Amino acid sequence: MASVRGYFHPKTATGSSSLIPSPPWHYSGDLLTVEYRTDPERVRELLPEPLELADEDPGAVALIWADWQSCSASGQELLDPVLSQYKEAFAVVRCKFQGQTYSRCVYIWVDKDFAIARGLHQGYPKKLGSIHQTRPHVYGPAPRIEAGARFGATLAAADRRLAQAVVTLREPSATNGFVNGHPMAHHRWLPSIEKGRGLALDELVSSGAASFEAGPAWVGDFDLELFESPTEELARLEIREPIAAYYRQVGVVWDGGRLLASNTTASE
Amino acid sequence: MASVRGYFHPKTATGSSSLIPSPPWHYSGDLLTVEYRTDPERVRELLPEPLELADEDPGAVALIWADWQSCSASGQELLDPVLSQYKEAFAVVRCKFQGQTYSRCVYIWVDKDFAIARGLHQGYPKKLGSIHQTRPHVYGPAPRIEAGARFGATLAAADRRLAQAVVTLREPSATNGFVNGHPMAHHRWLPSIEKGRGLALDELVSSGAASFEAGPAWVGDFDLELFESPTEELARLEIREPIAAYYRQVGVVWDGGRLLASNTTASE
Amino acid sequence: MASVRGYFHPKTATGSSSLIPSPPWHYSGDLLTVEYRTDPERVRELLPEPLELADEDPGAVALIWADWQSCSASGQELLDPVLSQYKEAFAVVRCKFQGQTYSRCVYIWVDKDFAIARGLHQGYPKKLGSIHQTRPHVYGPAPRIEAGARFGATLAAADRRLAQAVVTLREPSATNGFVNGHPMAHHRWLPSIEKGRGLALDELVSSGAASFEAGPAWVGDFDLELFESPTEELARLEIREPIAAYYRQVGVVWDGGRLLASNTTASE
Amino acid sequence: MASVRGYFHPKTATGSSSLIPSPPWHYSGDLLTVEYRTDPERVRELLPEPLELADEDPGAVALIWADWQSCSASGQELLDPVLSQYKEAFAVVRCKFQGQTYSRCVYIWVDKDFAIARGLHQGYPKKLGSIHQTRPHVYGPAPRIEAGARFGATLAAADRRLAQAVVTLREPSATNGFVNGHPMAHHRWLPSIEKGRGLALDELVSSGAASFEAGPAWVGDFDLELFESPTEELARLEIREPIAAYYRQVGVVWDGGRLLASNTTASE
């Protein structure tokens, strides 16, 4: 009999086929964040009990585009960049659990399988999408990171555009927004393989960056459009009042989280 | 407080964002199967205890290409075919558990996110890949389903070709091969969110088709090449002796499986 | 000094890098055709002089989805199907030149580079797109080719959906529609490399199938939606009156065309 | 009768469907260049008469990866970045025409249709490919632009990897290499629509940057592997002797070229 190895599937004798390496996971990326207020009821309906609306500004939403290069501790994926580069767009709200405020990703689209797998581990509800955001550049027509710079950002899934934004930077900012600023409170759910038996996995987990470095944040204005789709509900988080847009370059390490609650009788 | 709905993430008030619908799942597809013998040790090393090598022909491998259209009970995904069509290539071996013979998918690549999600549920170790297989056609240069017809099949992942086959049909066959002919014995694994705590989910599950219809199977000969890749180990299942190739059109329903064993202390 | 070989670029010593082989080109495919009437002025504005509106039914439009396998005379591309399979969606109108009626493709999207290259040669104004159409199948939930069968078809480009249709078959038909039934009259245009010098290539060419075989055509009803996009004008061919929808499986050979007119002073 | 507008196909009443805008075209991008010497005969065989081998270092090859954002004079494509971002990898050699030394792109792969169309205009022999290169970043694990920084670069087409390189920066450099440093001498070829009639377009054109700005170039060492493929001949430019690798960020404007020679009897 054999022991198979690997942090994730497929597990093999060597472990080298695993779709994702064991943490820590290291990231370099550019974040384009658009914050606005929606109807708090549209946030509440996405929060499974016992999560509650955050006490302050409960309708605040952050829609975030990120352009990442990520790797394991060895960094080897960076040298075969099809294995390290990916883009994502995700919607974050806040919630309250046992008196503490958490951020929570309610929708997220990525463009690589390893990003989907990491999301399963971290409780991000990932689908595949097509994500684009303007990159700053020091030469030619692409924007510098400076006042007046304009960045576009788009999201599509299943051949339909779901969101598009244009952000215009105004000035350096003390913050990169507030909606995505708390530890994440996510669920990890998997149905029982047996019909009618509920969930085989039903965990509430929390995690955040194990370490973080960043350049100066910039704040600015934005135009944002959300589009209807038969299989997506991002547009239900309708734009009631804009807050602000942000741009920031970051380096992040993720190295595991904490189990907040588990429904251990789920599959029985 | 809210109740969120949906068979899979993301769960929402309506449930309509779920990446996959609740079973039953219905499939129409074409299967191109290549069976060969590898060193049984290469199979054994992929079988976590308590799975054992099958008693008969323990080194047999099936490499299968499938071109699918799939949908929920409503069938609505068929009318927006980006939501129903996908292709996959997968390697199947056999194993023994509690005296019974099972089939087991050890590697699989698909080209849609909903297929990845279904695989998580069913215990298929899915990654994204680029999969192609010749389709039969009644007019023009594509092959008819008849003696002498030739079908190509290829698999790539992360911008590297992993496998390519050419199958030549010889005659109708009583079977579509034997390696993928048993109920599947798969693991559903997810690491604990907390480092060093092992697995949060560690289940051995079994499932098979809830119903099945098919056209006549054809048997034939094949050429198969497997290629090395730094992140894949398909080529370790080296080709020691060809068995046969098969072609068959099928209709399948999947409607849940059975929990064979669960390591319930996994996350403690 | 060397002679380079190849029907198309890149030309090399062997010719084997050419993006497309020399004709004849062989095709097996399924055609899903939706015909409707638009404002004839919307057709006229797409016809460069000296092309005129067709005398009869000048506002007729065919929007056609095709799911192809194509190859050179050797057929070798069929065995590496990433080199033979592609999908396309295209809009066809009719026009008159020197008293004869021609069909003319005014918009077309494909999903492979070799299809783009063939289009350049044939005068099809190809862009890349994401194209899907339901495939008939003899088992499972996908439709048979029979009365009541429903097929979906979608088109997207640049992450925006441009068109979607649902076709319901009613009965066998003597025709597969009439809009795409004439020889094609296409322009082959390429700007001069020098600014302000007009066109280096300005040809009106005609071509059609060198041979053709087909299964029975089916006629039916359809729902069709066209969507606006900043970079596409398909939706300007607005749907004023539906005609009919058709489904047919075909085998086609293309083997060159005829030069109708050339503006040889183009680049001077 | 109508006049249709647009720099490229499809031409319409408004011109807004054109796959590419009229020049000037503006680019911001990162170039990763690997220079080596191959057998000069392998260069010569790619040079159609009357082009000859360059007098000095005739076997020099540059293999260049570029990560671009490009736009028209209006810059609007930058705000919908699916319309501006693309990547490419291309092989450049040098040649001599009428006593002058030119650079010449002999193979090139890009990942967007508008890039293919611009290549047709400029004489670049473009195919679609999957291209990746490590991006520098100021935070996290991705490399800074500094001594010791390592960048990976890969190219695949038709589901096969064609090239992969790892570049290690050593020090700032006075140049970004020499192979791609001359005006380009390219052919624009299109076969006659009529079989056996040769070429309808057969031009030798030259072009270069209308304006250029750049950051400091860096020089370094590299590992490069080229892989065989049935439909590509890049690997024939075998690596006989490495020269150096370079990294540079640039801004470029392209605004037309010059006709060097035209075979005006091509299609007769």
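A, B, C and D label the chains in the order they appear, each numbered from 1.
One rule holds in what follows: a residue touches a chain if its C-beta (ideal position, glycine included) is under 8 Å from a C-beta of that chain, and two chains touch if they have at least 3 such contacts.
As the structure is a computational prediction, the values presented were derived from the model and not from experiment.
Peer 1: Quick check on the contact graph: shortest path length from subunit B to subunit D, in steps?
Peer 2: Shortest path length, in steps: 1.
Peer 1: Sort out for me whether A-D or A-B is joined by the greater number of C-beta contact pairs.
Peer 2: It is A-B, judged by the count of C-beta pairs in contact.
Peer 1: Determine the centre-to-centre distance between subunit A and subunit D, using the mean Cα coordinates as centres, and give it in whole Å.
Peer 2: Computed from C-alpha means, the inter-chain centre distance equals 35 Å.
Peer 1: Averaged over CA atoms, how far is the centre of subunit A from the centre of subunit B? Could you give it in whole Å?
Peer 2: That gives a centre separation of 29 Å.
Peer 1: For subunit A, which residues are shared contacts with two or more other chains?
Peer 2: 80, 82, 130, 132, 154, 159 - these are the residues of subunit A that touch more than one other chain.
Peer 1: How about subunit B: which of its residues touch subunit A in the complex?
Peer 2: Touching subunit A: residues 1-4, 7-14, 16-17, 19, 23, 44-52, 80, 82-83, 106-108, 112-113, 116, 120-123, 125-128, 158-159, 187-195, 200-201, 203, 205, 207, 230-233, 236, 255-259, 262, 264, 267 of subunit B.
Peer 1: What part of subunit D is in contact with subunit A in the complex they form?
Peer 2: 26-29, 69-71, 75, 78-82, 84-85, 130, 132-135, 137-143, 150-154, 164, 166, 213-215, 249-252
Peer 1: For subunit A, which residues count as touching subunit C in their complex?
Peer 2: So the residues of subunit A in touch with subunit C come to 130, 132, 154, 156, 159-161.
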